[in-house]
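Here chain A shows up in two complexes: once beside chain B, once beside chain C.
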Partner chain A sequence: MRSEIVFRIRRQDGPQEPSYVQEFRLNYRPNLNIIACLQEIARHPVDASGKATSPPVWDCSCLEEVCGACTMLVNGVPRQSCSTLIDSLPSGPIELAPLTKFPVVRDLMVDRKPMFEALKQIHGWIPIDGTHDLGPGPRRPSDQARISYVFSRCMTCGCCMEACPNYDGKDPSQFIGPAPLGQTHYFNTNPIGAMNAGERLDAVMGRNGLTGCGNAQNCVEVCPKEIPLTDAIAQLNRQANRHWLTTLFGR
Partner chain B sequence: MSSKPRIIVVGGGLAGLMTVIKVAERGCPVDLFSIVPVKRSHSVCAQGGINAAVNIMGENDSPEIHYYDTVKGGDFLAHQPLCRGMAYDAPSIIYLLDRMGVPFSRTSEGNLDFRRFGGTLHHRTAFAGASTGQQLLYALDEQVRRFEAQGLVTKHEGFEFLSPVLESPEGPCRGIVAMDLRTMKVQAFRADAVVMATGGPGLVYGRSTNSMINTGSAAAGCYRAGVRYANGEFIQIHPTAIPGEDKMRLMSESARGEGGRVWVPKKKGDTRPPAEIPESERWYFLEEKYPRFGNLVPRDIGAREIYHVCVDLGMGLDGEQKVYLDLTHKSREFLDRRLGAILEIYEQFVGDDPRTVPMKIFPAVHYSMGGLWVDYEPTADGMIDKSSPKNHMTNIPGLYAAGECEYQYHGANRLGANALLSCIYAGTLAGPSSVIFAENLDCLAADLDAGLYERSASKWEKRFEEIARMDGPENPHKLHRELGETMIANVTIVRENDKLRQTDQKIQELMERWKKIGVTDRSQWSNPEIPFVHQLWNMLELARVITLGALQRDESRGAHYKPEFPERDDANWLKSTIATWSPEGPVLTYEPVDISISEPVARHYD
Partner chain C sequence: MALTERQYFALRRLHSLSGVFPIGVFLAEHFFTNSFALHGAESYNAKVEFLTSLPYLYLIEGLGIFLPILFHLVVGVIIFREARFNNRSLNYRQNAMFALQRISGVVLIFFIAYHLAATRFGAYFGYDTSDLFALMSDKLQNPFVVAFYVIGVCSASYHLGNGLWGFAIHWGLLTGRRAQQRWSWAALALAVALAVTGLNSLLAFRPLGLEPILLFDKSASHVHAVAPAAEAGLPEMQDAHGHGAEGGEHR
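Presenting the complex of A and B:
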């Protein structure tokens, strides 16, 4: 059992500034998560040496692992800081650092804009005819809706992108990354979305798309929502081959 | 008129995104402002589902019954035509969401599945697992991204709204002042109409079930600029949440909708583990007192009964305001399929498996029925005239509000799964009405003199320069905690006039201490503390609106319960509270409620 909680937080005052590590100590209480600790530091921003400092800056919103905002490296592993309980971590100092695949804004806060841009690239939407009343949507088998639901839980947190050896958010033109590929699969398996699956396949067949994945499986291991990303990538590959053949014949 | 008007939408939760879609669909360009990337808006937290009387279960449900359940649930304080319009449009809204790709849970025949929720006897709540808000928000977010890719929507994410830009104190609204939360620059933006969709004020209570961005600060910014704030005292306490040091995590009403039972041991102070307490020694107090609605009574009643059992009778678990919420009689497969997402939250944060051990739950601040005052245009047959620019307009022309930040639809108490619906319905009204308003302007904002915008921005620049220089002894986060503790202690389930008076004193004391804050972070780059100090002031302003509204209202109605005045008093209090900002504090006036469709009756659920 710990008597105190020691944090080593990697800080950076701005995107172009050098980074440094600052230590903080808190009294132990059961059932704390990392955000509750960061909040306590903000109420009393003094580092381990007793020097007054500015509170570390971090991103969060929902505090229940559904908005995707609070991702950071906790002891080197990308995860949601709101759902990481102190009691679940080994008893030594806890290291917090910003994700490395995205530009740092300040301290633990990063810019995940490339992930939202990728959703544009893959045409991540169902092209409905309009919002006027067109009656009920298509019927869907219950099992199919359940599988779809699993992919719909992707909260753009970026854990998978961080873990993927082939993704580099500072140059996403190399490889689009696992989360957008999971979403491509999600839209292509929707009954209406399937009607323009080809459009999305075209978007991920290029150099920065499917061929960028080396099937290292790291992404699946870190996804907090347990989204079967590699299954999606495998299915997309099959569809892409078929799509490639049909476009060939179409010509 | 030469060019097209431009609309600003502030907030990208369900209400804001639906508004954007409706505006963009009319070919009108939109600027969308949000603190967080809109996909991370608080709506993502909604768990249980969204109501619509589609009657797939063959229970003779109908929009008319849905409408009546809603106004009765709200203890007859909601203006009736809008509630009716909402209930009648609900089925087509669900169909639209389904077409947009929301993976709603299905029946064996492939139809939409519906579950039960509080305050109704029908299966009326469509759901996607137990994280419905997430799926709905993403579906709307995707449609907005489609318009963004076409160039009709420009997103300004990472911006904080500060105030509307008004041509004169009476309006019209010609744009907004906002702060870029990275560069910390304050800037004015032009618009021909502005729609506020900035969500609820849960953070006024410190810890609530709300997201950390739900400070109500944007609504308070409008209130301070002259927008009327209505029914502020009606704050919903959700009967079932999990306490945490950082926030209260909701345990959705869907847990009861799917069969969850609330109980305490019949013997006071019984320390046996719940599994060892036999059925005959458990008190299912809601089922006993309300045989018809049982565990699915409306939230105000549920929260009050739990308070009664725990505080008045002293029968709460561990001597606290805690009771069991029990799902252990349901199969694991059923629970995982219908409630997986919320049971995971409990497991993750408490450590027990709710499939085998009954959950221990507390009441928590959850939702604000009150908010910015908005108008509407009824038709002769008690529906809404959708061609009117009045719908969802505040008392300032050209300034609209939609979603949890406004006060319509839920009266004195909101029914579960009606919020998501009201947000989306509000967007379908506010979008078109703001465009109609803007199209009828003589002069577009683009052609106005720059002076108005420069003046508005510089006023706020000065305010933030002052905040950045504050160097007193008070810590803003500690003041916030004190505010929350006072509000939770005195302005939640049970309200007493003495304590309300003391609370207002305390808030004014905190306002004085606010002036002695010392800012611990002076960086001019991505510094969250400076905007927080600003938000804290706005929370204090709203806290006074809530507390004084409660102090004045000497009756009990919906979520507002005063033991000194335990009955609903229609003769004196069937009216909306309207707070208007003044330098000395809120000025309260009252306005009649539109009860043109249904006569108020006593509310019974037993």
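Presenting the complex of A and C:
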């Protein structure tokens, strides 16, 4: 049992500033999550040596693991700081750090915009607006809808991107990463979304697409929403290969 | 490089294909042919002679083996450089296999280079390649060479075994997580079988005076008409191990 909680927080004063680690100590109370601790530290921003400092900066919104904003590295593993309970962590010091594959805004806050750009690349929406009513959409079997629902839970938190050894983050011409591939599969298996399936498949058959995945399967291990990303990637591989082989010599 | 998006896709799929066909098929054939060494120098050298007497030899070797390996190797190094290993913080089985796939590939660069220089192109390096069995068993009296061969054989076996796992996903043959996990164990079992076959054929050259295991052989009586180590020009070792050796039934 811990009597106090020790945090080692990797901080950074601005996007271009060097990073440094600061230690903070709190009295132990049961049932704390990491955000609650960060709030307490921010109220009394004094580090472990007794020196007054600036309050650490982090991002959060929903506080119930549905928005993804509070994602950070907890002891080196990407996860949501709102749903990570102190009591579930081993008793040593707790290391907090910003995600490494997204640009740091300040301290623990990163800019996950590359994931938004990736969703634009894969056509991550269903175009239904037009000049006239198209009538009701097709019905779908409930087992398909169930699988689809799982993919719909993606909150672009970036855990899978952070964990993927082939996702670089800095260079968008490299691998696009697991989350957008999961969403490609999601929109392509929707009966209305399927009308643009070819477009989305094309979008992930380029240099930064599917071929960048090396099957480390870290993405499924860390996804807090248990999205079967590797199933999606393999399904897309199957479709992409068929598309490639059947158009090998032109159409 | 001025590859179009689609050409890059093709490049990566050809890399995947080349690992299995022809390189993987060749590796399996190579380990099997080497197993003829279990039947002694004469049997082994006869096989080597048969292979070197094949019509269109240079074409088969060049287009069927050397060029694919060179291609797979160059693209493999590019893929290797894309990875940012994170095995320490994300200690998952598949992540370890991912790293090992890349590391074994790099080990193979050095091993294949050495192996080719010492055997197929040995003549250019001043070795007598007319009696490959003698050349091999002579080299394998050096413990460092033995260690290097053991590492090389194990690397190649793992790389092909686990490679078949990645192949199944890259080609969309297995899309479900459970199926992928089952195939992963099967692929590892295949790697072990390959490694045992490869290592046993190493033993056939009597490295450091060790003996191979003769399993599932039709009969042992015809096997060593001449004491193998004597053929290899190592009479003392033969004396030390020929008598009273276990498994005397194959003498």
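Here is the rule we go by: the second predicted complex is superposed on the first by the 238 of 251 C-alpha atoms of A that agree within 3 Å, B and C clash if a C-alpha of one lies under 4 Å from a C-alpha of the other, contacts with A are read in each partner's own complex, and residues count from 1 in each chain.
Here is the rule we use: contacts are C-beta pairs under 8 Å (C-beta built on N, C-alpha and C of every residue); 3 or more make two chains touch, one makes a residue touch a chain.
Quick caveat, the model's predicted, so the values are computed rather than measured.
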Overlay on chain A: chain C relative to chain B, clash or fit: fit
Which of chain B and chain C A:R140 touches, first, second, both or neither: first
Angle at the Cα centre of chain A, taken between the Cα centres of chain B and chain C once the superposition is applied, in steps of 10 degrees: 160
First, second, both or neither for A:F187, with chain B first and chain C second: first
Which of chain B and chain C A:N241 touches, first, second, both or neither: second
Partner chain(s) touched by A:P178 [first = chain B, second = chain C, both, neither]: neither
Partner chain in contact with A:N218 - chain B first, chain C second, else both or neither: second
Smallest separation of CA atoms, chain C relative to chain B, angstrom: 21
Doubly contacted chain A residues - partners chain C and chain B: none
Partner chain C, residues of chain A touching it in the complex: 73, 75-77, 163, 165-166, 168, 174-175, 205-207, 209-212, 214-218, 220-222, 228, 230-231, 233-242, 244
Sites on chain B touched by chain A in the complex: 21-22, 25, 36-37, 39-42, 44-45, 92, 95-96, 98-113, 128-129, 131, 134-135, 138-139, 142-143, 145-146, 148-149, 182, 211-213, 244-247, 249-250, 337, 341, 345, 348-349, 428, 475, 477-478, 481, 520-523, 525-529
Chain B-touching residues of chain A, taken from the complex the two chains share: 13-14, 29, 31-33, 35-36, 39, 42-45, 52-55, 57, 60-69, 82-83, 85, 105-106, 109, 112, 116, 119-120, 123-128, 130-131, 133-137, 139-142, 145-146, 148-149, 152-153, 155-156, 187, 190, 192-193
Touching residues on chain C, where the partner in the complex is chain A: 3, 5-6, 8-10, 12-13, 79, 82-86, 88-90, 92, 94-95, 98-99, 101-102, 165-166, 169-177, 180
